[in-house]
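Data first, discussion second: the structure below is written as structure tokens.
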Amino acid sequence: PEKLAEFQARIDAGDKIEPKDWMPLGYRKTLIRQIGQHAHSEIVGQLPEGNWITRAPTLERKAILLAKVQDEAGHGLYLYCAAETLGVTRDELTEMLLDGRMKYSSIFNYPTLTWADMGAVGWLVDGAAIMNQVPLQRTSFGPYSRAMIRICKEESFHQRQGYDIMMKMANGTPAQKKMAQDALNRFWYPSLMMFGPSDKESVHSEQSMAWKIKMNTNDELRQKFVDQTVPQAEYLDLTVPDENLKWNEDTGHYEFSQPDWSEFFDVLKGNGPCNRERLAARNKAWDDGKWVRDGLLAHAEKKAARKVAAE
Amino acid sequence: MNREEAFFEFLCRMGDNPLILGHRVSEWCGLAPVLEEDIALANTALDLIGQTQMWLGLAGEVEGAGRSADDLAMLRDVWDFRNVLLAEQPNGDFGQTMMRQYLFDQFHVLLLQRLAESSDERVAGIAAKSVKEVAYHVERSRDTVIGLGDGTSESHRRMQAALDLLWPFAGEMFTDDAVSGQMAEAGIAPQPSTLRADWDAAVRDTMAEATLVIPESDFAHAGGKTGTRHTEHLGHLLTQMQWLQRAYHGATW
Amino acid sequence: MNREEAFFEFLCRMGDNPLILGHRVSEWCGLAPVLEEDIALANTALDLIGQTQMWLGLAGEVEGAGRSADDLAMLRDVWDFRNVLLAEQPNGDFGQTMMRQYLFDQFHVLLLQRLAESSDERVAGIAAKSVKEVAYHVERSRDTVIGLGDGTSESHRRMQAALDLLWPFAGEMFTDDAVSGQMAEAGIAPQPSTLRADWDAAVRDTMAEATLVIPESDFAHAGGKTGTRHTEHLGHLLTQMQWLQRAYHGATW
Amino acid sequence: PEKLAEFQARIDAGDKIEPKDWMPLGYRKTLIRQIGQHAHSEIVGQLPEGNWITRAPTLERKAILLAKVQDEAGHGLYLYCAAETLGVTRDELTEMLLDGRMKYSSIFNYPTLTWADMGAVGWLVDGAAIMNQVPLQRTSFGPYSRAMIRICKEESFHQRQGYDIMMKMANGTPAQKKMAQDALNRFWYPSLMMFGPSDKESVHSEQSMAWKIKMNTNDELRQKFVDQTVPQAEYLDLTVPDENLKWNEDTGHYEFSQPDWSEFFDVLKGNGPCNRERLAARNKAWDDGKWVRDGLLAHAEKKAARKVAAE
């Protein structure tokens, strides 16, 4: 209890907590869950975009998309490393992902159906992710904070690339513009869901905010996202699929419709359009890769043994 | 076939190899055995696509018919592709992918080293830029072939199967023909056959270290780099790769 | 949406189901577990493609924009397809293919029986012609589901897995919407929901005989027959199916 | 020996040998090999065409191709039945195909690379097959002869469909015509190989001809094929890829170049462009299908047992 107060004081003072510092069990557990989920999201997030790498329309677009997906794998790597400092291994986390004990961001359970989705994912999904992540650069756990700083830099680059795709489509042929509008229609509400249900309904929020693991309420961030994104959509001459959307002079914010939260909970339960495919793909990759991991490990051991023998 | 036509053919060969192999490698996206491999495979694909842009860009320039690298990549049908058959072979398991990569990388690096001294400055320039990337590719693919060949009995078995499967596609990389003859005469590129001895030596070393046995037969499939007879795999690859350009011809992306 | 537009939508639904399912079935060519199944699968695909020609032919006529059945099949992109999601699901193993087939056939036959009494003569005519074929399809797919469900423990396990996997795609076949409402009002086609009870009864019987357990959850994916959100599988299917028409637009074959 | 003479006399008299009749071991063995290979060819022959069913350019073309492939499977079925009358089961034959003890026609080891190949396969490959098969309608073994009568009818239909595809291509756009020419270039010599090497080098030919299992020499049939096909190519305004091709007024036949017989023997040894893929595809189909065959058999047995129990 004394330690706890001391710990909270450090956090309140803006200190960074480092892996070897004392920390409450709940803090550690919450962080493992949060960083792990974030890492898993980067890994699973490769799939919807990977779905279009082989169909990218130009060599340049293909290169950009490849680089982006490579970055995501890199982010996964930083984040697993940050989580490992808390005393859990990457393999343990991976197994929890694969057997469904840990989640990844539900947005990746939505399909990518046209090339415009590569734009929408960059613009909206990365946009919403950044909105979540920017404040986390100031999170209290040192390794997490440092990982987020690195990640945010790249993500904002990805977002601009996504917007650039949308721009090309929106200013392209009628079919391309239709594609862009269709992508916005499908990704708008799922993007709003990325901030999670209203905090009133969220159980862990208060403690997480005190610990500076969570820096803003879900509703705050969602509002910020809408305020930022609507003018961008207008600039593209695309229509946000919300009849109730309107600017409120008094509040200085947009009013907007909530997403269908029953859909959100359906997806969370595993009934999203692609939950089964995403998990199946990751499980297959892991299972098919076992002989490779075993083989490389066995070789490394042989090599080490030979070196020892030679010394 | 005049010199210019042969030069165009040669550049298509140079560009189509990384295009098609890069495409194959990119099919792995998000599905590799470990995260580090996901990153490495994406990186390899990225390098190869970059090289494609340079070679096919130059090919379009030399042809002088106003075709861009993208036009060449996205709007030719199978018969116009000039990649070796090895590049278009399916990924198979990770071992097969890495074996294909190593057999090609080892050829590619030797070729690019020689092309860096090409009498054509543009060719020399692209080669000099690419050879650094490919030197890294071959280092990686070689290490992986060795690691998996000399790993568990299961990984050994799979790597031997991959080598046996892909070996008949190795010979095509080293055949000389009218195109390569003209390139050699002009000092633009070496005859492929002159790379064989070094390749054989390097591959022999690698396979020895990997405890893998090189097949005895030197039977070699042909028809890729001349375009006379690709495998059935290429057409399927193109349906994906060219889809958007074919479906929305003339749009910009 | 006026009556004509709804009619066009309805006809696309009728035509896209056999088009996409027929395509999937045709992917089995030469790869079935026994020769008799190769023949039967080809036959089913053939019937379905024939039905597609009739429905999409009529759709083009009703639309009045000069599009032929081939134009509709080969030149629309994903969002314009109106098949149910069930039809575009991948083949998986033979059991999964036959389970998909049965769940669809059982719906298809009930629907066509009702359509044979359509107020629109053309619809009634196509339905009357198709229903004989489909009655045979459902007989076959039903027998196969029963045979494999009540076969070995391995075949039982696989069929149960197929049923569990595909069940969430069953519900979409029976949802009513503005299109089906207009069709029902005009006496052209029944509301899909009115077919559900008969389908449920038939499926219950079949699964009982197959010793398979129908999943409890009635969660149903949607987005196929409205075109709002297909699965990622459809786009890949189209890259193959539409390849030639896209690559050589305007040619005749 | 007496029986042998009697047997030969029946054949010479044009009698049909039926399964229950006495026949020499060599006759039986040769027939099993020949009919089996022919059946296997129908089965494996589905694959190169199956490769284009999912890419057929129109619904009509797709339907025609499906019907054709279905016919081929049907031919396989008749032929396996004919072979079974000789005391070998379909499963035995299948296993011999799958482990490489029995062959199938080498032509199916060539890839189908464009839609025009569907034309070339019908026109040239089916054309050559018919040339081989028509005389076999008069073969001495009854079930084989009857199977061939049925098959020939359908094959000539297929050939006309193939020629029709070529015609559409040859009279189509320049790209289509190029495709047609390319297909002819690739399939011409492999089609000539379908008749087998010159009879001078063939060991079994003489006995087979005496037994009326083989009705013409390979060279006769090849010549007939060339004589028939060259004018068809001319009608299509396509060029047969043979610089030495010319009409000989005196003989009333075309002179033509022999195919590269070293390629023929390479393909026979397993080094054709697609040998590995074709056998792998059939093996995979057979292995993957085992649970289905087992399941359906188990069900049939259960049903039979229930019926017995109920009686």
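Labels A, B, C and D are assigned to the chains in the order they are written; within every chain, residues are numbered from 1.
As a working rule, contacts are C-beta pairs under 8 Å (C-beta built on N, C-alpha and C of every residue); 3 or more make two chains touch, one makes a residue touch a chain.
The model shown is predicted, which means the values in this text are computed figures rather than measured ones.
The greater number of contacting C-beta pairs, out of the two interfaces A-C and A-B, is seen for A-B. Mean C-alpha position of chain B lies 36 Å from that of chain D. Between the CA-based centres of chain B and chain C the separation comes to 42 Å, rounded to the whole angstrom.
Shown for chain C are the residues that touch two or more other chains, namely 77, 239-240, 243. Chain contacts: chain A has residues 55, 175 touching two or more partner chains.
Arrangement of the chains shown, judged by which pairs touch: an irregular graph that fits none of the line, ring, star or complete shapes.
By the touch criterion stated above, chain A contacts chain C in their complex at residues 48, 51, 55, 111-114, 175, 178-179, 182, 185-186, 266, 271, 273-274, 276-277. Listed in rising order, the residues of chain B touching chain D in the complex are 77-79, 165, 168, 219, 221, 223, 228-232, 234-235, 239. The residues of chain B lying in touch with chain C in their complex are 77, 236, 239-240, 242-243, 246-247, 249. Of all the residues in chain C, the ones that touch chain D in their complex are 19, 23, 26-27, 29-39, 42-43, 45-46, 49-50, 52-53, 56, 69-70, 73-74, 93-95, 144, 146-148, 150-152, 154-156, 158, 240-241, 243-245, 248, 250-253.
Residue ranges on chain D touching chain C, taken from their complex, read 43-44, 46-47, 49-50, 53-63, 66-67, 69-70, 73-74, 76-77, 80, 90, 115, 165, 168-169, 172-173, 175-176, 281, 284-286, 288-300, 302.
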